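What follows is chain A paired twice: with chain B in the first complex and chain C in the second.
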Partner chain A sequence: MSEWLESAIARAQGINDWLAPKRAHALELLANTKWPTRKTEAWRYTPLRPVERTQAKVITDKVELLPVAIAGLSAIELVFVNGQFDQTQLTKTLPEGVSISLGSDLDTAQQTEALHTFSTIKPERHIFGLVNDALAQDVVVVTVAEGVEVTQPIRISSLLSQGAESHTRVQVTLAAGSRLTVIEDVQAQGDSFNTAFVEYKVAANASLEHYRFALQTGSNVSIGGSHFSLHDHAKMHSTLVGFGSELSRLDTDIIHAGEFADAKLNAMYLLDGKELFDLHATVEHAMPNGKTEENVRCIVADRSRAIFNGRIHIHRDAQKTLAELNNRNLLLSDKAEINTKPELEIYADDVKCAHGATVAQIDKQALYYLQTRGVSRSKAQVMLNFGFINELIDLMPNAALAEWIRPIIRERFAQMEVK
Partner chain B sequence: MTEQIDKALAREYEAGFVSDIESETFEPGLNENIIQRISAMKGEPEWMLEWRLSAFREWLAMEEPEWALVDYAKIDFQSISYYSAPKSMKDKPKSLDEVDPELLRTYEKLGIPLIEQQMLAGIAVDAVFDSVSVVTTFREKLEEAGVIFCPISEAVHKYPDLVKKYIGSVVPKKDNYYAALNCAVFTDGSFVYIPKGTRCPMELSTYFRINEQNTGQFERTLIIADEGSHVSYLEGCTAPQRDENQLHAAVVELVALDNAEIKYSTVQNWYPGDENGKGGIYNFVTKRGICHTNAKISWTQVETGSSVTWKYPSCILKGDNSVGEFYSVALTRGRQQADTGTKMIHIGKNTKSTIISKGISAGRSNNSYRGLVRMNPGAEGARNFTQCDSLLIGDQCGAHTFPYVESRNPSAIIEHEATTSKVSDEQMFLCRQRGLDPEKAVSMIVNGFCKEVFKELPMEFAVEAGKLLEISLEGSVG
Partner chain C sequence: MSNTKSLLTIKDLYASVEEKQIIKGLDLDIKPGEVHAIMGPNGAGKSTLGYVLSGRDGYSVDSGSVTLDGEDLLEMETEDRARAGLFLAFQYPVEIPGVSNLEFLKASVDAQRQARGEDAITSADFLKEAKAACKQVNLPVAFLKRGVNEGFSGGEKKRNELMQMLLLKPKLCILDETDSGLDIDALQIVAEGVNSQRSADRSFIVVTHYQRLLDYIKPDFVHVLSDGKIVKSGDASLALELEAQGYAWLQKEPVEDELEG
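This part shows the complex of A and B:
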């Protein structure tokens, strides 16, 4: 066990609040969990040295931090500053049928429900999910009532100041037939460390549009997860955009807990410098007739390292499942590294599953073609890289977000040192 | 005739044993003393014993691997006897009547001649003698070409320099748990050396190697193809083989020097256990080859037997322009579990690898492909293509794919694709419409599914492999 984890456990032991049973359970599991090493499958390519060495500290003093503005987007703002839920920044008037509250403000019955409804984070796979269980200051509970279609997106921002440590946790429940858009966003300054987990329960016929932006770069350790459970005829469409940092690790876990659920995941990450980004996407088909489509694209430059693990697990009962995973990677430098592992684990016979993965560099002929048309080599490279990613941006259902992210990505490519 | 049999019997004694065979079956247990005794039995030189002992010490500190998707009762390594002398004639079944009729039925379906059937079932008859004479002519021809093909225990004495130089050079002693165990206790296996620029005049087969019977559970094979040479090696046979040893931990090392080519084909059909998976063979094999400049290694395997298979024939593409290939058909049924695949490590420039893996699961079996493709920073212009297809027959089985793709060179190109599906209703409908019964139809579709791999097998093997699949699939349909 690492010193860091020992001190984290020691800190959690003193807390006595409504989350106490959850904390105690997490601590018990953590005590029996081995600290991940290179031999731990889930952390094979992602060394945890940055966590072991982190100097980040919990900052309790009030700090003024605001989430970056997104032009054309009017969202319900849900803001954490250094791990604390900032009530003052919460949008005052919420649309009808939407409630956002701190778990500690709920009544006992609601708290009990909040403690027990969500169990999508698998302790054996997510050691930092347990850390988050033990250390998150509170849980923010978001609910959308039955049949309510919320047009205004909810944006969950986790903001960290220099050297801050933060652990945030949100539970989102979409009742039957409801509709919601959620944007998860971490904005962290240097030398910070955060774990940010959001759990979603998408009830029958409900529909969730989801975005996760992990655009922090530099000396930041960011570990988090978005965990979804989908019930009968539920739909989700998730988009992930990631830039690497010293260590960025995200888990997207999707469970088809009902029949005829439909999940789409489009993820793209663009790494530069010495950044590392690790995405683990796990889809469990526990029920029949589910559908999953994943598109993951990744560009790595300079000395950066990208890790992707895409696991599709089809249980015995999940007949008639359609699942597809497409992973394409561009390697721009001879010091960069891509490690990808698309896995299929299938126990039902009447299913159609496929995955494909490619690793290559920019097509030399395409590059040559552009150069013959008078485009400089470096411009041509930016164009081709951008085109590769832009295909996924075009699939983002929210136009304002697509328009916002496009120039940011273009800028990122212009900065990337392409050899 | 009796005289001839006596002669054949005497041969067994010639294979380097120092003491009376009949009495030599070691008590169960594994310690340095046992290893010293194995080494002494083989009259091995000091260096070989030292090598075994150091491997054993490494093994003691190692942990049994648990990452494979297989589930079996823990092996008690102290309850195994690590040396058992060949069975003497009188312990063997006297005639085919004493042999499991189920086994005979399968032999018949495979079209195996009576004499071979008797040999495979381990019957003490002249058939053994017949094959010995075949072997003799066979050996003469090889000697003419300068090819060395002998038991590895013999090679230790006759060609110590070659053995010393190459043994453990591809699969190091502490490579993995079972490889280390094999290093410590291996009993015998093949040694092949093809001299420079030589094309081996015939396909080498373990089947023809004297001493093949009872090489035991810890077999060790070392094949060295010197510069510009070529060899095709066949291992195993399609007929189900009985074996009293439950644990098999073999090591195969291939060395392809500059411009050499090795083609290694395996058909494995060991006892898969009864319908509950009891008593089947555990097959934990380490197979690896190293390719020097312009060399090529091609692995082809048809795996239908064993209750647990753990096997990853791999290529280290060290030299520039070297080529690695892996073609595999793995069929599991009943309670069989197979975790098999390959590793392609690209080190040299312009190295190329192709992986075609076909997994078929039926009954209550689990079949996994586990593979690694790694492009090292120096693998300029390297190329890999991987295709893993799985076919599910029945709703109680599992098919899994775990490909690891690691690239550190931007000019390398890796393509991986995998699909999993069942035999489609349309295909079945088409076949049945034309009057084929469901079993025939499935067998035909499966054969088509595996065609890409079968065409890589030597002619004779390919025909048998097709038949083998057909028989293995019996009863899994409908």
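This part shows the complex of A and C:
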């Protein structure tokens, strides 16, 4: 066990609040969990040295930080600053049927329910999920009432100042037939370390539009997850945009807990320098008639490293499942690294399941075509890289977010050195 | 006309693709405003010529010279050849999903204006020009928003090439089998577009297998390309002769030569 984990456990043992049963359970599991090494499959390509060496500390003094503005987006702002829920930044008037509460402010019955939900969505195999269970600072619970269609997105921002450590946790419940858009965003200054987990319960016929932006770069260490439980006829459409940092790791779990659920996940990550980004996406088809479509695209430049593990597990009863996983990667340098591993486990016999993973260099024919029109080779390369990712941006349902992220990605490509 | 300076001069050009020589001693001289048709059987090197002139990777010049407006074309990068006024309309235009046609067109025009030392065109002005060009080649304006050639039919791709030509206003256009895969209506639209661009300072090389296109685009000269060199040149009537005779005579002649020798 690492020193870092030992001290984390010691710190967690001192906390006594409404989450105590959850914390105790996590500590028990952590005590029996081996610190991941290169031999641990889930962490094979992502060394934890940056965590072992982190000097980040929980900062309890109040720090003023504001989330970046997104033009054209009018969102309900839910802001964590260094792990603390900033009530002053919470949008004052919430739409009818929407509630956003600090877990400690809930009544006992609500807390019991929230605790129960916590134990049903995020799988217990994520070691930093357990760390987050044990060390969670402020926990926020969001609910949307039955049949309520919320047009204003909720934006969950986790802001970290220089050298800060934070552990944030949000639970979002969409009651039957409701509709909601959630944007998760981490904005971290240097030498920070955070775990950020959000769990979504999407009840029958409810529909979730989800975004996760992991654009923090540099010396930040960020480990988190978005976990979804889909019930009968539930729908989700998720978009992930990631840049790398010293260590960025994200786990996505989609559980088809009901029939006829429909999940789409479009993920794109663009790495430069010595950055690392690791996405583990797991889909559990536990029930019949579910549908999943995953598109994961990655571009690596310089000496960066990308990891993708895409697991689709179709249980024995999950007949008539349709699942598709497509992973395409572009290498811009021969020192960059892509580790991709699609994993299909299929125990039902009447399913359609397809997967593909490709690693390629830039399309030479397209490059030549652009050059014959007078576009310089370097500019053409940037255009093609952008196009590769832009195909997925075009699929983002929220136009304001698409317009916001496009120039950010374009700028990143312009800076990437092609070797 | 003979006093006018040449726009393109190819002298004794030899070029190879992957070590296989395809162009074998080609000479061609084109003056501003002329339309030259290059005809010939499959495998004669027709498409190779366009690729060599545009500087495609993998197409290497073994010997000979090519000048455009007096400048050594072979010394230039592909993009600089385009900026110098060379335009190649592809037989099979490339699909580029994710890059919008409008972005692609604007980047091309911007690069060429910049190379000429002109100010960048504003997005609003460019959109106006692009819409007008769409109309001229009979492509719906919605095609500007789509990925470059993405999911376009054969005819739409050819019209998109033509639209690029309208916007880039090149000095020398090489149309590489622009007629292939087009029905008669699409062919007429493309031909009208080309004809509208004919002017005293713009020249064309029309590469084609069939005479049909030349009913609509009247060439000043017709050349027959065979085994990497021009074996016969004439005026527009040569195309009609070829139509009547086919290309079989090309294969026969060398054999007879051998017998005589």
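Just so we're on the same page, the second predicted complex is superposed on the first by the 414 of 419 C-alpha atoms of A that agree within 3 Å, B and C clash if a C-alpha of one lies under 4 Å from a C-alpha of the other, contacts with A are read in each partner's own complex, and residues count from 1 in each chain.
Please note the rule applied: a contact is a pair of C-beta atoms (placed from the backbone, for glycine too) under 8 Å apart; a residue touches a chain by one contact, two chains touch by 3 or more.
Since the structure is predicted, the reported quantities are computational estimates derived from the model, not experimental observations.
Q: Does the superposition put A:S2 against chain B (first), chain C (second), both, or neither?
A: The answer is neither, since A:S2 touches no partner chain.
Q: Between chain B (first) and chain C (second), which does A:D334 come into contact with in this model arrangement: first, second, both, or neither?
A: first
Q: Who does A:G356 touch here: chain B (first), chain C (second), both, or neither?
A: In the superposed model, A:G356 contacts chain B only, not chain C.
Q: Return first, second, both or neither, reflecting whether A:E345 touches chain B, chain C, both chains, or no partner chain.
A: The answer is first: A:E345 touches chain B but not chain C.
Q: Does chain C touch more residues of chain A than chain B does, or is it the other way round?
A: B
Q: Considering each complex separately, which residues of chain A are in contact with chain B in the first and with chain C in the second?
A: none
Q: Residue numbers of chain C touching chain A in their complex, please.
A: The touching residues are 54-57, 77-79, 81-83, 87-88, 90, 93-94, 96-99, 103-104, 107-108, 111-112, 115, 147, 164, 168.
Q: Help me check something: in the complex, which residues belonging to chain A touch chain C?
A: The contact residues of chain A facing chain C are 363-366, 368-377, 379-380, 383-384, 386-391, 394.
Q: Residue numbers of chain B touching chain A in their complex, please.
A: Going through chain B, the ones touching chain A are 67, 69, 375, 377, 390, 392-422.
Q: Show me the residue ranges of chain A that touch chain B in the complex, using the header's touch definition.
A: 41, 316, 319, 329, 331-361
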